[in-house]
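Two complexes follow with chain A in common, the first pairing it with chain B and the second with chain C.
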Partner chain A sequence: MKITVMKNILNANQNKADEVRGVLAAKRVLMVNLIGSPGSGKTTLLEKTIAHCAGRFAIAVIEGDVATDRDARRLQPHNVPIVLINTDGACHLESISIQQALDTFDLDTIDIVFVENVGNLVCPAEFDIGEFGKVAVCSVTEGDDKPEKYPLLFREAKALVLNKIDLCEYTDFDMDAFTQSVTMLNGTIPQMHISCRREKGLDTWFAWLEETAGRVCRNP
Partner chain B sequence: MGSACHGTRTTFCRAAGLVPKRPARPVAKGLQTVHEFSIVESILDTLGELAGKNRLARITSVTLTIGRLRQVVPETLRFAFEAASKDTVAHGARLELEFVDIRARCTTCGAKFRVENNYYICGTCNGTSVELTSGDELIIQSVEGEEA
Partner chain C sequence: MKITVMKNILNANQNKADEVRGVLAAKRVLMVNLIGSPGSGKTTLLEKTIAHCAGRFAIAVIEGDVATDRDARRLQPHNVPIVLINTDGACHLESISIQQALDTFDLDTIDIVFVENVGNLVCPAEFDIGEFGKVAVCSVTEGDDKPEKYPLLFREAKALVLNKIDLCEYTDFDMDAFTQSVTMLNGTIPQMHISCRREKGLDTWFAWLEETAGRVCRNP
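And now, the complex of A and B:
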């Protein structure tokens, strides 16, 4: 017996993601999904961002890691609501976990939820978690060929943050080749070149965030 | 491992049970760390539902449509499917994979083109704003099985 199915394999995750998106839209909460390799600087970027947003936007964080609470504990001193999800080996976060994490927040008091996804350029890009947009976080020390090697993330992301630009002179990173490869994949994505450690270029990231939050949030 | 941190607003979710429990399917050690495993789990859930609704004793083949933008390694997918389908209605099923090219449409001039070598710029007007028309599919196209 042959049955025509024509069903999205990730239907269950997608349905939950659509529910999450609906709730966030109704509450006028911006959710940003930070995706990048381990060590690209996602947590450091969050530290800088939370500090900058103090008094401007109410922030909450969903922190995803295979194991440990190290990143969550780094963010604790900033005194924002944080939920840590240890995935016990899974390489990405899925929408069901995000929905349950969001249920622990009072979304009426939050403007922006940052999801720091599991460190991985591959799998997190495959799974919609109901976010407004993915932000690709990569770093100079990973090499300039990552967009070509991991096209799905760079194609889907609404913004790209290239971190550790202060280390360019110590590597073979070709900035022109990198920006050109990103433009070929996604000609409209804003590319922001920063150094979290040296606090260079962060103003471009903050400007993108504020402009986006201004459009999405309840009380920008 | 995991505990609620009293006096702070940090919640450790293993204690709160926020990590969804995965079905106890037999899989090779470490296989759950690849996303093909999540994909296979979703496929097997659907196959189980289809078998129940259509009174199938076993599934003999599954045809998937996979867009080339998806980061699915065929060998890993097959390995995950074989490992995870043991003791299920899909044990021994043949997995047919049909791949779909990445195609796009320029939103500036409307030109349609096939994307090659990650080049998403319109060849007609050099526009950089394009939308995908195919290539990101991850679909169960059809299933064959033996009726009970």
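And now, the complex of A and C:
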């Protein structure tokens, strides 16, 4: 019973995700789905990325949050279109909400849509929202065993951003063990080591983004 | 449709949780449900706690994990009964699995059962598993805005352990803001600031545990 219903929910979500993907492809808009634990640095990464993209790409943001508009408010000074989806307790975003959010944007004027998913390493990885790709955002303070323990996201992601490398020296984080376990799950995934706070390594992330936008967008 | 089914699942879970709570109360066993993000330090807290409890309380552990037996293996040297529940992708533990796990223990010989829930700040907070209380485990590296952004756990928890305070000076974590937002959600919750790695502040956690066990257990 439970399994059948879950299957129906996933099927409905998948159909809607495919519709969303079709619209974005027709409009040549790149949609990136940022997924990571609470506090891994998704919003800070977005702040740095939006600032970097100013004058290069037209950005829009869909903010997913269980409660509050804190993250959306943090992004407001950047003056890009933002839709906040408060899930009211739900642990992930689904494609129906993404479709409704995209409807509020003028997609003819947008190059990249960033979705900041609910802070959660488990559930958001299961739901296709019509994105071009999921990007896993982790931080060294979470420990090097996270890929092995939460494998789905690392298998699904098109890129991996490892944040807070400035704190590495104060932790037991084993970079080789981390890199190896990600590679075991997803051999081709680019792994970018950054510190948003110290603005280290961000150029590798920007380069990945620009290269990807170059393949997808109308006017990269 | 979806809502009705979710209600049925939650009702079934609640009924089973009440059964579990009845059994534990009759046996005078304290069950604590540790909930926190991936990498907040739940397993390390357990390691320190089991070591402290040796000779004081008879401990058993139920380990919830999406994949792998890493955490269960970490606890093995402590020589306490451990049941590993691999959820195979699911984002939280439910009371039916807890009941099955408890059935494998001889509850007449156990004082405290620790449940380490799946690393997730959202979903495990929604499910009563028959525990005496949920304990929220956070770390300063996740940021001071987590209570406000993920309020349910902080409302539900009977105690809050804030871990990794040794890293506080390397982050922008605002202790006053954190404490205030927890207090807004749950005025009576004890907030314990610790560093498992540096073994700081653990005595406040042990004191809470011993005081609680004193009220619940047969031979504290």
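To be clear about the criterion, the second predicted complex is superposed on the first by the 211 of 220 C-alpha atoms of A that agree within 3 Å, B and C clash if a C-alpha of one lies under 4 Å from a C-alpha of the other, contacts with A are read in each partner's own complex, and residues count from 1 in each chain.
Heads up, the rule we're going with is that a residue touches a chain if its C-beta (ideal position, glycine included) is under 8 Å from a C-beta of that chain, and two chains touch if they have at least 3 such contacts.
Only a predicted model underlies this, so the values are computations on that prediction, with no experimental measurement involved.
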Touched partner set for A:151, first chain B, second chain C, both or neither: both
First, second, both or neither for A:126, with chain B first and chain C second: both
Which of chain B and chain C A:70 touches, first, second, both or neither: second
Touched partner set for A:160, first chain B, second chain C, both or neither: neither
Which of chain B and chain C A:37 touches, first, second, both or neither: second
Chain B versus chain C as contact partner of A:110, first or second or both or neither: neither
Winner by number of chain A residues touched, once chain B and chain C are compared: B
Which of chain B and chain C A:102 touches, first, second, both or neither: neither
First, second, both or neither for A:143, with chain B first and chain C second: second
Contacts of A:11 with chain B and chain C, given as first, second, both or neither: first
Overlap of chain C and chain B interfaces on chain A (superposed complexes): 1-2, 5, 9, 66, 89, 91, 122-123, 126, 148, 150-152
In the complex, chain B residues that touch chain A: 1-2, 5, 8-14, 16, 18-20, 30, 32-35, 38-39, 42-43, 45-46, 50, 54, 56, 64, 69-71, 118-121, 127-130, 132, 136, 138-147
Touching residues on chain C, where the partner in the complex is chain A: 1-2, 5, 9, 37-39, 65-68, 70-71, 89, 91, 118-123, 126, 139, 141-143, 145-146, 148-152, 164, 166-167, 170-172, 197
Residues of chain A defined as touching chain B within the complex: 1-13, 66, 69, 72-73, 76, 79-92, 94, 96-97, 100-101, 104, 122-123, 125-127, 147-148, 150-152, 155, 181, 183-188
